[in-house]
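The following pair of complexes shares a single chain, chain A, combined with chain B in the former and chain C in the latter.
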Partner chain A sequence: MRPRPAPPHPLWLRPVAAAGERGLQVWSATAGVGRLSWQILRRLLPPRMDARELLRNLYTVGVKSFPIILVTALFVGAIMVIQAGLYVQQYGAEGLLGWGAGFATLREVSPLLIALMFNGRVGAKNTAELGTMKVTEQIDALRALAIDPIDYLVMPRFIAMVFMMSLLVVVGDATALIGGAFTSQLLLGVDMRIFFQSLIDYVALEDFTLGVYKAATFGVAIGITSCHFGLAVSGGAVGVGKAVNNAVVAGAISIFLLNYLVTYLIP
Partner chain B sequence: MNATPATTPRRIALGRRPVAALGALCGAVGQPLVLAGSVAADIARVATLCGIYLIRGPRRWREVLYQCLRMGNHSVVFVIWVAASLGMTLVYQSGLQAQRIIGDLSLLGPLYLQLLLREFGPTITALMVATRVGTGIAAEIGSMQVTEQIDALRMSGAHPVAYLIVPRLLAGVLTMLCLTCVSVLVSWVAGLITAQVAFGVSPYTFASLSFIIYGDLILMLLKATAYGLAIPIVAGASGLAAHGGSEGVGWATTQSVVACSLVVLFLDFILSGFGYLFLLR
Partner chain C sequence: MNDATHAAGAPAPPCLSCHAITKRFQGQRVLDQVGFTLAHGQMLGLIGPGGAGKSLLLKILCGLVRPDAGQVRLEGQDLTRASETQWQQQRQSIGMVFQNYALFDFMNVADNIALPLRMLGVAEGEVQERVDDILAKVSLRGVQEKMPNELSGGMKKRVSFARAVVRRPPILLYDDPTAGLDPVTSAKIWELLRDMQRQGTTAITVSHDLGGIRHLCDQWLLLDRGRIVFSGDSEALFASHDPFVLDFWSREHSHAT
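== the complex of A and B ==
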């Protein structure tokens, strides 16, 4: 691309120009994500993808991010118990500790924070991978071999992310509750059995399933945004770095938006 | 780029399968541990150097201000968006629950503000800054490292930590303090509007400051300062550890998001425990 001369805008117009440019970028990203979602949806019925690729992606997406998710979940459980413990101590209601911490963890904090970690670990890596393939023209090479890049590259990643995100949240919930139980025993001096008893008494199955629904939605969002930003890279290694940054931000934005929508729509 | 699964040599796979399985297990457990150890050592080294150069290094306030401007400009819209949607979700969620169990929503506002100050305001802001600014720092310093600009800096007598990371660290603290205040304010207003629209709680009832003590504010500022110190150090350490071309930069960037977020959660745990034991009794 030829270097453009400096824009001839007068000083007072520059903020307008910058805002317009930013708006166009946001619009093109939204449109691209929408287009990719449609393409993925069309390939889901009937599902067609490369089974061997799918297995490989399930391994790299799920098994490789297992330790990080476990550590995150441990901290999440501990932090939520400390926060709930402040109120429990104020009112002397030790029997409600498990309810307060467990409810918030299962419904809200654990899916959200695990999704943010997943976005940083898996989403960013996926964008970097696809972006490197794009700038080294490997994706064009696939097209030249009459292999559809969406069938071969995007679909297995998308399915793996949605599936593994839901599974990882189940494991993460369990780990967070165990971390919370240990924190309540060691730091707050509330017996673990009281913690688990109030968890069993007050937390309903819907709280857990809402968390899993949320996780699956977050998986969809992370999969689509990271693949879109990876495939839309242009401009060499610098472009890949920028795309990774944008993908992570777009992933986080859509995670928070979907979090609100799912909370609102599923009572 | 793709880490291939560890394969056991074909020779021993048949006769000594338990041994091979044990080896694979040790590898699977040990590899992340070794990686985490080396990253932690990097972070500790950069943090020590930062401490030394903060005390007896050159002060470059102009550069600090420039970094503040960049970090703030890059993340303020993002932080506002996230804070607003988080505020709406939390108030809606806890309002539903309070309506069902207690039936009284007059405590919703004060308790929400308290939780926002103690926990969600600083931590969620820090996680967002870690994704937005942390990746930027890691990508920038990482690409300087792989294009040997860091070596050039060393040759001209400027230590990369003093020249690149210390200004970002000071800027990070200032920016995190400002962004945390903005995000708490935005979440609170979003929660106030949600409570009014969804549950009909009057803004005057919601906007009560009766539960807030100085400990809450101190804990919030303490957390924001700690995160502002930690994010540039961790991201800078990941950037300096980059090697091997553009793939190395990608690796450093990914690595920095994860390391920054984990460090933020870890500090949150430590500081919440500290607040529980000493500040908020």
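== the complex of A and C ==
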């Protein structure tokens, strides 16, 4: 006999019940992300993954993301120069244009915007792919074939995302600076050589490496959140849609939190 | 208790058995005290109306779902409390054909079938040979490069079957292997199952095609709303005067014809 459904809450209690339900969902997701993080950590030393899947994911996650990341980075560099250009022209400090635009680009803007673009493109696709596999029993089929889904699906994606996120930010930084240099030449009349000299004189290697550390941590966050939400899908196509939405939001929040932490902890 | 009895005169110890399997979802019992014993080389026909818990029972027998109560034994080993790692080792002996194919849609047909062999570390040359061999057996020569979305339902079912048997597991679980297929393709699938039986595999098949499995099964388990209504061999099934059994059999037969 089916159990009777619970009676609806009184009107005054409904916001509390809704908040409580949302809190439980956040707690459940946090616990799930924690559990998956531990499972990934256990498989890193020694590394347990399928080499073919790793190569396939390096291509789909990284190589295919290059065009959009290059476009993003080009405009990031250009916008930073335009923004810095206001003050450069006001104070006649053309020699500081490269530093002004480059410092913020390398440390903050480039890794952050590339990570958000990566999260929206690669993270969402990953969640949708794993979620669809879940609802069509492909994950169960892997387990029935005595193949661990974490080893086969999650680890290659995670490693590919961390590695490619870092590489994309390196390439993105270079592209952003080139975009900035062209913008400084064409729009502000500041010679590219002055722009690059300012970068060399005033921007430290640590400014660049901080951005790469951030990129790696963002890759970890995007990898774990997108895989968790994909594997936790239930409820068919609607569930996949919800999972993609949740994964993108959770990934973005993780990126902002980690950005704050890394910036605070690494001087 | 509702267990099926061991087939009379069966000399081998049970290959696969379960005892008092119970499973609840959202407070409702979807499987209630289900059990059976299956000897080596036998086939169990798992039948019943939709929602009776047949597919769920197959998943429990493969360790994909944990029961709330009861025992699952494979070759006498109790796997009820086994970890996922232990189950993963045991699943080397089990092949499963899913009702909705569950083909990996990011791989072509050859890679779908080759995957379990590659994960076992089989040499690539032998992998290719076995894939070609099994595709020939299921009458699907020449489709190695096709992606699952390019296949018809019957072709998908045969690829799913090929993937399940390519490792030559001693136990096979078929979840409605002819669902949604035309009679000609269904007959091909039943012929494949018959071949596997001749090779001595132990199998459980869920099916609504009673005409197709009638002459294949040694044991039968009829479920209704998670409970066993009938358990026994073919002779007992066809001689049964239980109203539910008679009603179910006549409905399924008239639906098929």
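FYI, the second predicted complex is superposed on the first by the 260 of 267 C-alpha atoms of A that agree within 3 Å, B and C clash if a C-alpha of one lies under 4 Å from a C-alpha of the other, contacts with A are read in each partner's own complex, and residues count from 1 in each chain.
Heads up, the rule we're going with is that a contact is a pair of C-beta atoms (placed from the backbone, for glycine too) under 8 Å apart; a residue touches a chain by one contact, two chains touch by 3 or more.
As the structure is a prediction and not an experimental result, all values here were calculated from the model.
Of the two partner chains, chain C is the only one touched by A:137; chain B is not. Number of chain A residues touched is higher for B, counting chain B against chain C.
By the document's definition of touching, of the two partners only chain C reaches A:146; chain B does not.
With both structures placed on the common chain, the touch criterion links A:209 to neither chain B nor chain C. Overlap of the chain B and chain C contact sets on chain A: residues 129, 132. Residues 2-3, 50, 52, 129, 132-133, 136-138, 140-148, 152 of chain A are the ones touching chain C in the complex.
The touching residues of chain A, when paired with chain B in their complex, are 56, 59-60, 64, 67-68, 71-72, 75-76, 78-79, 82-83, 85-87, 89, 103, 107-108, 113, 116-117, 119-121, 124-125, 128-129, 131-132, 187-188, 236-238, 240-242, 244-245, 248-249, 252-253, 256-257, 259-260, 263-264, 267. Residues of chain C touching chain A in their complex: 26-28, 59, 62-64, 84, 88-89, 91-92, 94-96, 98, 100, 102-106, 115-116, 118-119, 163-164, 167. Contacts from chain B toward chain A in the complex involve residues 1-3, 5, 32, 78, 81-82, 85-86, 88-90, 92-93, 96-97, 111, 115, 118-119, 127-128, 131-132, 135-136, 139, 143, 245-247, 249-251, 253-254, 257-258, 261-262, 265-266, 268-269, 272-273, 276, 280-281.
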